[in-house]
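Two complexes are shown next, each including chain A; its partner changes from chain B in the first to chain C in the second.
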Partner chain A sequence: MNTLQRELHKKTPVIRFQRSFRKNMSAYLLILPCVLLLALMMVYPVFQTIRFSLFDVKLPSFDMQFSGLSNFARIFSKDEIATVFSNTFVWIIGSIILKFILGFWAAIIFNTKVKGGVFLRILCLLPWTMPSIASSNLWRWILQSDTGLLNEFLRSYGMGALARNWLGDPQTAIYAVMVANAWAGFPFVMLMILAAMQGIPKELYEAGEIDGAGPVQLFLNITLPILKPIIIVVLLLQIISNMNSFDMLYVLTGGGPGGASETLGLFIYRLGFTNFDFGGASAISIALLVIAFGFFIFYSLMNNKVKRGEA
Partner chain B sequence: MRSRKWFNRLGITILTGMMLVASGCGSSPVNQTDPGTANTSSPSSKDNPTVTVWMGSWWQDQVPKIVEAYKKDHPNVNLKIETMPINGYLDKAISTELGGNSPDVLAIDTLFLAAMAGKEMLEPWDDYVKDLDPHDFTKAIWDASFMNGKMYGLPYRGESNVFFYNKTLFDEAGVPYPKEDWTQEDMLEIAKKLTIPGKQYGVGIAAATSDPANVMTSFAPVLWSFNGDFFNKDNTEAAINNPEGVKAIQFWTELYTKYKVVPEGSTNFALTKDVQPLFVSNKVAMMPGSTSMLKLVQQHPEMNWGMQYAPDKFGRAGGWIWTIPKSAKNKEAGREFALWFVQPENLGALSSVTFPVRKSATNMAPWDSQDMQFLQSASQYQRSLPIVQNWSEMQAGIINELQKVLTGGKSPQDAADTMAKQMNELLKKQ
Partner chain C sequence: MMGKKKTRMLQHGLVYLSALILCGFSLIPILWGLSTSVKPEFLLYKPEWIPSQVTFQHYADILKNPLMAAYFKNSSVIALGSTFFSLVIGIMAAYGFSRFKFRGRETLLWSILFFQIFPRVVILIPFYITLKNLNILGSYAGLILVYLIVILPVSVWLLKGFIDKIPHEIEEAAVIDGCSTFSMLWRIVIPMIFPAIAAVAMYSFVLAWNEFLFALVFSSGNETRPLAVGLAFFIDEQGVRWGDLMAASILMSIPAILVFSAAQKLLMKGLSEGAVKG
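Moving on, here comes the complex of A and B:
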């Protein structure tokens, strides 16, 4: 073997991998338990869900018979499926809009020097730290029709005509829970936006002011463009997190009345854990996974762009 | 094959764990028994067999007493009782059984029996109850412990639902108290007189999906009053869309849509969580209830209340039974605990939160009081919900359709037809 051949041999992928593996073996060993745990807790359930979606699962014996795509066909031909998807769409869009409005508002306030700012910031973070079941029940007391705080407030200030059966009316149920969800989730948006805002050099604003730009122009031409990458990342994370929302809707409306607030998360729960239709629940979960996966890919691309400073 | 099933069970366990954590349905620390008081395990008793029991969270305060009493009679057994909230109770019980991790004894509502026994998740009791006198038990609950001729649960709680009424509201409106032979129509007329829109309502109903048993307590007696039923006599075909059933649905929903004699939020109400607080705060004049309701009003000495049999006397029999899940590790010890618990002296002394299912257990305080005896007398008018395999799914469908009628989305006939269609499809799946 001459020198050239030896050099070529060294550069083949297998050899390179072997060398790198030998070099980093201790590191691989150290992360092995974590990888195994991740595989057990994350990969295995996904694998099992895919499997269930393609089989007719008989309980409690778990006898499984391959059924191809029949679970998908059965679930997607259900009467309520269109309502479930449209509710999920409304839920995601509405929740994100509300969370961004509240998050931006709070971030702008805390980015300026306000008296008692630290206290207010802690106060704003409280909803985020509260267990979702506790905050759901808190909102149930607020939104309850007959003795709820909101309706009591409206009635006692002469606005009784605005009082509604917020959680029990199909026209308002999902929107009422959306407000509660935005309240619980906006601190995350606020934190991300605030962190990005605080990284904007003051010189840019000073230069803008010298050029005669007003506060609105400064916000539109300096703040927003610089925040664009983080806004996209937060937006994608929020889409994914709202897509499989469950707890607040479950406690506040249970998907009712008459399915008016049933989203994909609740629908999957109903199929899987009320009807014990694991095949059907897995099929719809896979559909959700595919949609979420699309957003994940977009998120990864955007994240890389953000890292490279291109976005 | 066996290992594949094991993997399937593992998958379900992980999925269930994730879902229950997400839904908050897992037994919270508040609802778990304090190991210091409830679990009799001690370093010295480590080698003794342990019997694990699951009960409803309303037994929480009673758990130490049960453990102590059992310890006295069975010093060599460690009794470990966990309590769980009613929300998601059945889901958790079934998921745990599918994961192969059930407790040795599982308390369930008779409503849940078909869902579990129908999937062959429970051991039969027939060979173990030969010494018990069925006539000593509330008939509706004893009968509700059977499925396809086999007994799958040992009854310990038997509730009779009657109507509670707020005498203050009746007196203020000058309305006479309900009489024993009152009908649903009488109830409606009284409710109309007692309703002041936005301030107080004549009667309380429940229609929330989160607590289906409450909805059935509210709706099923109306259905029976109108000579309707969920199924035909042998439970082979849905009968809810018969003219009688449709009439009942119309009557029940019109309490909300037409006569507005029930609270505005009723579409999302549970009896215990929402209607009871309104009743004790003088905002609802009448509502169905049982022992828990009696305990509640007794805690409010300022209240002036009364009890009467439900309109047309029908009530939904509420019963809880001890079951032995198939995957229980210590079945015989589990049965021993359940049989010990239903002995009249234990049942009467330890069931301070719910009505004992045996007549012989009601000869002692607090069950021998006038009020408790009135509840006991109502047991003859109680009926059970159908024991069919996919009842939970059917019930969810019925409530969904009732909500649609309540919110104007469907007519009673359309809703009843949809209910019947879904029920018949599920019957075929059995």
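Moving on, here comes the complex of A and C:
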């Protein structure tokens, strides 16, 4: 009987399709809203943006005139484009280095069982939980040139020569915001690394200790290799998230002074909503989209490896 | 023996010292803001950590400000709306993906994940164009829709992870008893994954409450402008009023901080699982 049924299934694809469709009806109904929504808000917008990037868009009427690749040519020949890209690069690399140093340090500290450790860990999480605009305001107040806490502190301890207009000086603006950004973001790195550290079996360390390895050796030879996959995933997430950075830079420097801290996010915002150059903003969005897609492929490959425990 | 004890003590000392530095770095900006928010005007620019005179005038100013009340209402509507819809749609999709094997399942799941790591600055212009075409630019609906796109990937993946762990047998028994898919979802699955639902709800609420860039571009005027945008433009003719600004920033942070401290353990679990699964 079973064999007969199986044969029947094989031989009549139409029936098989009908059955599988009926069986899966509820599945399609369940996922429909989610998929529809994502399609509406991702596929359609990307299509629209590709279209905009190839047209000369006149605001406010949105009159369109086909212009080929002229939007791309115009944007990528702008004087400031090199600065924007190098700022973005400096911002991403600098933020990641700071966040990883702080995050790793905190993860190692809070992975040791000491009294009050959980309480201290919660305190360290606080910056991450603050809304970015609230954090930006806190740091704006601290970094104020004339009455800010940082300069006050430097002056009162005889280091007045170091005091400067942190956010108004093109030399320091991007780095000052970077510190604020690391402050807000390091707890996330800490959480991820800590969670992975707590999953490492204790026996490994005991075995290492018996073999006479010191804490540094244990860290380098046991902890790091086991953490490698999660580090890569966090790294990729951080690249994306720092590429996305907007809030703090916008509030603290607005990309200034003179574009010294303008990153891609601020640049796209300025193109689209200050200059109303939608064609240009679309063109650069599309260029970035391609980069992001490359990242995604890499990310999912890595993630699959992590899942299978290969990396 | 003594040597070991000494290293242990040294280690503990180092741990506490490091923890102190890290917590100091984390807390100083917050405590300074807190201190500023209760200082009367004449103490505002004095480097006093514990003000010699305390006032709650700044908080009163903020709470009495009708504009702030409007922003607060807008933020609440948008955050609650995003939370509600991300839960309903997210639970349905997560259950569908977890329990049914259908064609294109894997592809769909991974493309959903793609939206999670999609750079927000890149979709700013596409979203703007779409919301404009849908005629919901500057409305609650527009912002909620945008936040849903950001929240749903996390929501679906996290909930699916939890539903995967529920044994099939319970549902099979329910099917035999004549339970439909939707009533099964409502009566059996939802109660069982309640912790995950709470986590997603908190995540959604905090994300929508805190978000700034989309709020800046897609809200319009005082009708829909949320707190985040209101606080970024908190400057009047007299320049920045730091006492009020600090008070408002702290008030805005309270919901997020409360939610996170309540969910600390849950969050850590969710993150460590989510990290491996995506």
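Following the convention adopted for this analysis, the second predicted complex is superposed on the first by the 289 of 311 C-alpha atoms of A that agree within 3 Å, B and C clash if a C-alpha of one lies under 4 Å from a C-alpha of the other, contacts with A are read in each partner's own complex, and residues count from 1 in each chain.
Convention: a residue touches a chain if its C-beta (ideal position, glycine included) is under 8 Å from a C-beta of that chain, and two chains touch if they have at least 3 such contacts.
A quick note: this is a predicted structure, and the numbers were derived from the prediction, not measured.
In the superposition on chain A, A:276 makes contact with chain B only, not with chain C. In the superposition on chain A, A:170 contacts chain B only, with no contact to chain C. Once the two complexes are laid over each other on the shared chain, residue contacts for A:27 go to chain C alone; chain B is not touched. Counting residues of chain A touched by each partner, chain B versus chain C, the larger count belongs to C. Using the contact criterion defined above for the overlaid structures, shared-chain residue A:38 touches chain C, although it does not reach chain B. In the superposition on the C-alpha atoms of chain A, the part of chain A touched by chain B in one complex and by chain C in the other spans residues 40-41, 44-45, 48-49, 52, 131-133, 136, 147, 246-247, 250-251, 269, 272-273, 278. The part of chain C that touches chain A in the complex is made up of residues 11-12, 15-16, 18-19, 22-23, 25-30, 32-33, 36, 45, 47, 88-90, 92-93, 95-97, 99-100, 102, 108, 110-115, 117-130, 133, 145-146, 148-149, 152, 156, 181-182, 206, 209-210, 212-213, 216-217, 227-229, 231-232, 234, 242, 245-246, 249-250, 252-253, 256-257, 259-261, 264, 267-268, 271-272, 275-278.
Residues 4-5, 7-12, 14-16, 18-19, 22-24, 88, 91, 94-95, 97-98, 115, 119-121, 198, 207-210, 263-269, 274, 277-278, 281, 283, 326, 390, 392-393, 396, 399-401, 403-404, 406-407, 409-410 of chain B are the ones that touch chain A when the two sit in their complex. Residues 20, 23-24, 26-31, 33-35, 37-38, 40-42, 44-46, 48-49, 52, 102, 105-106, 109-110, 112, 114, 117, 120, 122-139, 141-142, 147, 149, 152-153, 156, 183, 187, 191-192, 194-196, 198-199, 230, 233-234, 236-237, 240, 243-244, 246-247, 250-251, 264-265, 268-269, 272-273, 278, 281-282, 285, 288-289, 292, 295-296, 299-300, 303, 306-307 of chain A touch chain C in their complex. Contacts from chain A toward chain B in the complex involve residues 40-41, 44-45, 48-49, 52, 59-62, 64, 131-133, 136, 144-148, 155, 160, 165, 167-170, 173, 246-247, 250-251, 253-260, 269-270, 272-276, 278.
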